[in-house]
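Next come two complexes built around subunit A: one with subunit B, the other with subunit C.
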Partner chain A sequence: MNGIQINDVTKTFGDTLALNQVSLTFEPHKIYGLLGRNGAGKSTLLNIITNRLFADSGKITIDGLVSVENDMTQGLLYLMSEKNLYPESMTCNEAFKWTKQFFKDFDLDYALNLAKQFKLNTKKKIRSLSTGYTSIFKIITALSVNTPYVLFDEPVLGLDANHREMFYRLLIEKYSDRPFTAIISTHLIDEIASLLEYIMIIKNGEILVNESCESLLRKGYSVTGAIKHVDTFIADKEVIGEDVLGGLKTATIIGSINKHTLPDGIEITNLDLQKLFIKLTNEE
Partner chain B sequence: MQINFEDERPIFVQIADGIEDAILTGAFEESGQIPSITELSVSYKINPATALKGISILVDEGIIFKKRGVGMFVAPGAVSKLRDKRKELFFDHYIKKLIEEAKKLGITNQEILGMVERGYKE
Partner chain C sequence: MKLNAIYKYQLVDHRNAVLIFCGVILAVMALVPMQITFSSDILTTNQSSQIAGLDIAPAVFLFVCGLNAFKDNFLFALQNGISRKSLFVNRICVAVTLAVTMALFSLLLLALGKLIESPLSGIAYSSLLSMIYQSPGIASFSGLSEYLISFLFLTVLFIAAQALGYLITVALYRMNKKQKVSYIVGFYIVVFVVLPIIDMFISGQISTILAKFLDISMGISAHNPFIGMFSLIIFSIIATGLTWVLIRKTGVKN
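Take a look at the complex of A and B:
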C-alpha cells in the first residue's frame, strides 16, 4: 500500500493528550492542507511521522513499511520544521551540500537557482539569517530534496506577501514537474485554499475533518437576511455559526441547498475554507 | 479570466467557463494552442488537479483536444458549438434572474421589453 498510513496513533506529553487515536492516510501525489489551531497537534503529528517524536501507541507505515527507526522509510520523507536542525555556524551553501549527503536526489543546481530568485545570499551563515530568510532557506531545501513526501510545518512564517506568492508558485511548478505528496500545515488558510486538494483539520488532538477541499466547501453554505427571515429558514437546519449585525443575520449551515424552496429576502453565499475552519475550531 | 472563490460555481467549472469565454471572444482562436495545465495552475494559483478537471470538461465536450507531447488546442468548430450551448443556457442564466429581480422591483413585462430595446440601441 503506497502513501503514509497512520493507524490509531496516540501521544501524550505528561497530562496533555496531544494526539488521540488518530488514523489518517496521505495518498501519493496529492497536496494536503493540515489545519488546526495552535496546540491542536499538527506539529506533533508531523514530528511523529518523521521519527523526531515517538508515539505512545499506534502504527505508521510509509509505502507499506513501518516508519519507526527505519532509515529506508525516513529517506522517503523530508520535514521542513519550525526548528532549524542545521549547525548554526554553517553557511547556506555548506548546508545544501550537507543535505545532498543525506538525500541523494537533492538538486543542488535547482536550490541555487531558487536562492537567486529569492535573493538569498548563500554565503551567509544560517545563524545570521532573518526570520523570513530562515524560512526561505528551509523552503528552498524542501523544494529541492525531491523526496516523494515533503512535509511543510508553517512554511511561510515571517515571509512577506511577495515571497509567499513565490513559494505557492514554485510549489505548483515543482508539483507539476515532478509530482510528490505535500503536507502543508499553515495558519494562512485563505491564501493557500485553492492549492489544496485535501483538507485535514485537527482539533484537540483529534481529526475533525478529512476530505477533499471541493467536497468540503460543497457541504454547506451561508445565508444572510433579516433576522426573522433567517431564523425561519434555519429552524430545521444544521447551523454551525450565527452572526448578527443590526437587524441582519448571517448563518452558516451544513447541508445542501434546495434553490426552489429559497424564500425571498435571503441571500446565499458559498462556504469559505477559512470561515468554516474558524467556525469548526472555535471553543464554545 | 477571473477566479472568484465566493462564486457559486466550483473552481474547476470557473476554469472551464473562463476558457469558453476566451474562445468565444476570440482570445483563444480555433486550432490555436491554449495554456498548459501548469501555466493555468500557476497563474490562477490553483491545484493542478483542479485545472485538469476543468480542462477535462472541455475535452469531453470536444471543445479542446490534446496533442500528446505538444499541448492543448481549440478544436475547429468550437465557437459554433459553444454558441449553441450558451444559447440554451441563456434563458436559465439570464432571463430567469432578470424576471426574478424585475418582480422584486415591480417592473412590468412591457417595461422590460422597452429596456431591452433601449439596450440594443445604445
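Take a look at the complex of A and C:
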C-alpha cells in the first residue's frame, strides 16, 4: 500500500487559484487533520481526490494507481462531504442498503447500531433531517463503509457537543478495531487535536504545514500564571496568543524551553494548536 | 459488483414511474370499450371510436424519464465511487432496457387493440407504425411482421427519445443560471416566434424544408420504417456522443 499521493496538483476556479502545485502523501492507517481557513482549498483538494472535481494539472495516485475516473481506486475511498450527494427523497435505510451494494464491506448492522446510538430515525427521508442529523447520517455511513481511506469534510457541522464527543469516540474505536486512513477537515481544531497524528495546514491553496502533530506541538508551549509573572517571562519571547481570566494569564509561545529554568509561579503546558493555527494562517 | 449496482440503481429509479405510466395507459385502453359499451349513441348510430398512435405516449414518457435521469444519479454515483464513464455506459444499458420494456408494452397494447378492434364493437386501433408508414389501401403491416417491425421501430424511437432527454438535462446541468434562462427563453423565442414569422415572410419555405427533411429522414413517403430506424439510430448516436462530451469533465456544482 502506498497511500494517497498527490503530486503538483493545481486547480483554478475562474480567476481564483484554489490549489497551487500541492504535493502531499497520506499514508495508510494514519489520522490526518486537514486544516485551513474558509476558502483555503481543503474541500477542493478532497473533491479532487475523490473524482468529484478535476485538477487543472498534477496527478493523484491511490495505492499506486491513477485515481481519475478509476472505479477501482475510487472504491477504496469514501468522502463524507459537507454537501449532500444522496437523493433527498431517499430514506436513511434505503441509503444504507444502496451503500452496501456499492461498498461490499459496508457493515449494515454496525450502521443500524450507530443510528440507534445517535437516535437517528432511519425511516426518515434525508431531506427531512435537520442539519445535525444529516451530518450524523453521513458520519454513520462513513464509519460503516470500511474502505481503506475515509475522508471527512466538516464532519461535525451542526452537531451538538454530545454528538461531537460521540463521533470522536466512535472514530477512535473504529480506528482501533480496524485501522484505516482518516483525513479530517474541520474548523474545530481544539476538539480534534488529540485525535490527530499528522497535521496539514493549507493557506491560499498552498501547503503551509505538513508534519506530525507531535513535532508541531514541540515547536512551542503555553505558560500560565499570575499576569505579572507571565508578562515578565514572555517579554523576550515570540508570543502568538494571550488569554486573561481573572488574575491569571495564559500565553502561547513559539520556541523551546528548558523546564528547569522556569520561574516560580509559572506552569507550562503543551502548545495550543488552535493558537498556532491562527498565527500561521493570519493574512498579516 | 459496483457496475451492476449503478445499473440496478438507475433502473430502480424509474420503476415506480414506469409502473404508474403502464397502469394509466392500460386504464385508458380499458376505458374505451367500457365507454362504448355504456354509450347507447355509438351502438345505435354505428359510429366508430379510434385509438390511434397510443405508442407515442411511451416515447414522450421516456423523453421525460431521460430529462430526469441525470443530476441525482450523477451525484449519487460520485458519492459511491462510480466514474462518469461507468455511469454513462450503464445509463445507455438502462435506456436500452427501458426502451425494450416499453416497446414490449406497446406490443401488448397493439395486441389488446387488435383484440378489441372490430366493426361490431365500433373500435378501430392503429399503431404508430401503421399510422406513419401504412400506404392507403395496402395492408403492408400485418400479422407477425407488424409486431416485429413495430418492436424494432419503437425500441429505436424510445432510445432516441431518452437520448434527447438525457442530452438536454446534462446540457442544462453544465450551464449556470444565466445560461439556462437564456437558452430556454432563446429556444422558445426562436422556435415559436422568430421562425414562424420568417417562415410567413418567405411563403412557408422553412416549414416546407423541415417537413421534407422529416419525410426523407424518416422514410415516410417511401413507406419504409427502416429508413426511419436508421435515422433515429444516427440521431441517438449523435445525441449520446454529445452527452458524453458534456459529462466527461462535469464536476459537482456548489
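FYI, the second predicted complex is superposed on the first by the 235 of 284 C-alpha atoms of A that agree within 3 Å, B and C clash if a C-alpha of one lies under 4 Å from a C-alpha of the other, contacts with A are read in each partner's own complex, and residues count from 1 in each chain.
Keep in mind that, in the parts below, a residue touches a chain if its C-beta (ideal position, glycine included) is under 8 Å from a C-beta of that chain, and two chains touch if they have at least 3 such contacts.
Computed from a prediction, not measured in an experiment: that's the story for all the values here.
On the superposed subunit A, the positions of subunit B and subunit C stay apart, so the two partners fit side by side.
Using the contact criterion defined above for the overlaid structures, shared-chain residue A:Leu196 touches subunit B, although it does not reach subunit C. Look at A:Tyr86: by the touch rule set out above, it reaches subunit C but stays clear of subunit B. After overlaying the two complexes on the shared chain, residue contacts for A:Arg52 are found with subunit C alone; subunit B is out of touch. Look at A:Arg169: by the touch rule set out above, it reaches subunit B but stays clear of subunit C.
In the superposed model, A:Trp98 lies in contact with subunit C only, and not with subunit B.
Of the two partner chains, subunit B is the only one touched by A:Glu214; subunit C is not. The least CA distance from subunit B to subunit C in the superposed model is 28 Å.
Residues of subunit B touching subunit A in their complex: 3, 5-8, 10-12, 37-38, 41-42, 44-50, 104. By the touch rule above, subunit A contacts subunit B in their complex via residues 30-31, 165, 168-169, 172-173, 175-177, 193-197, 213-214, 217-218, 264, 268-270, 272.
By the touch criterion given at the top, residues 1-3, 5-6, 8-9, 72, 75-76, 78-86, 249, 251-252, 254 of subunit C touch subunit A in their complex. Subunit A meets subunit C in the complex at residues 47, 50-54, 69-71, 74-79, 81, 83, 85-87, 98-99, 101-104.
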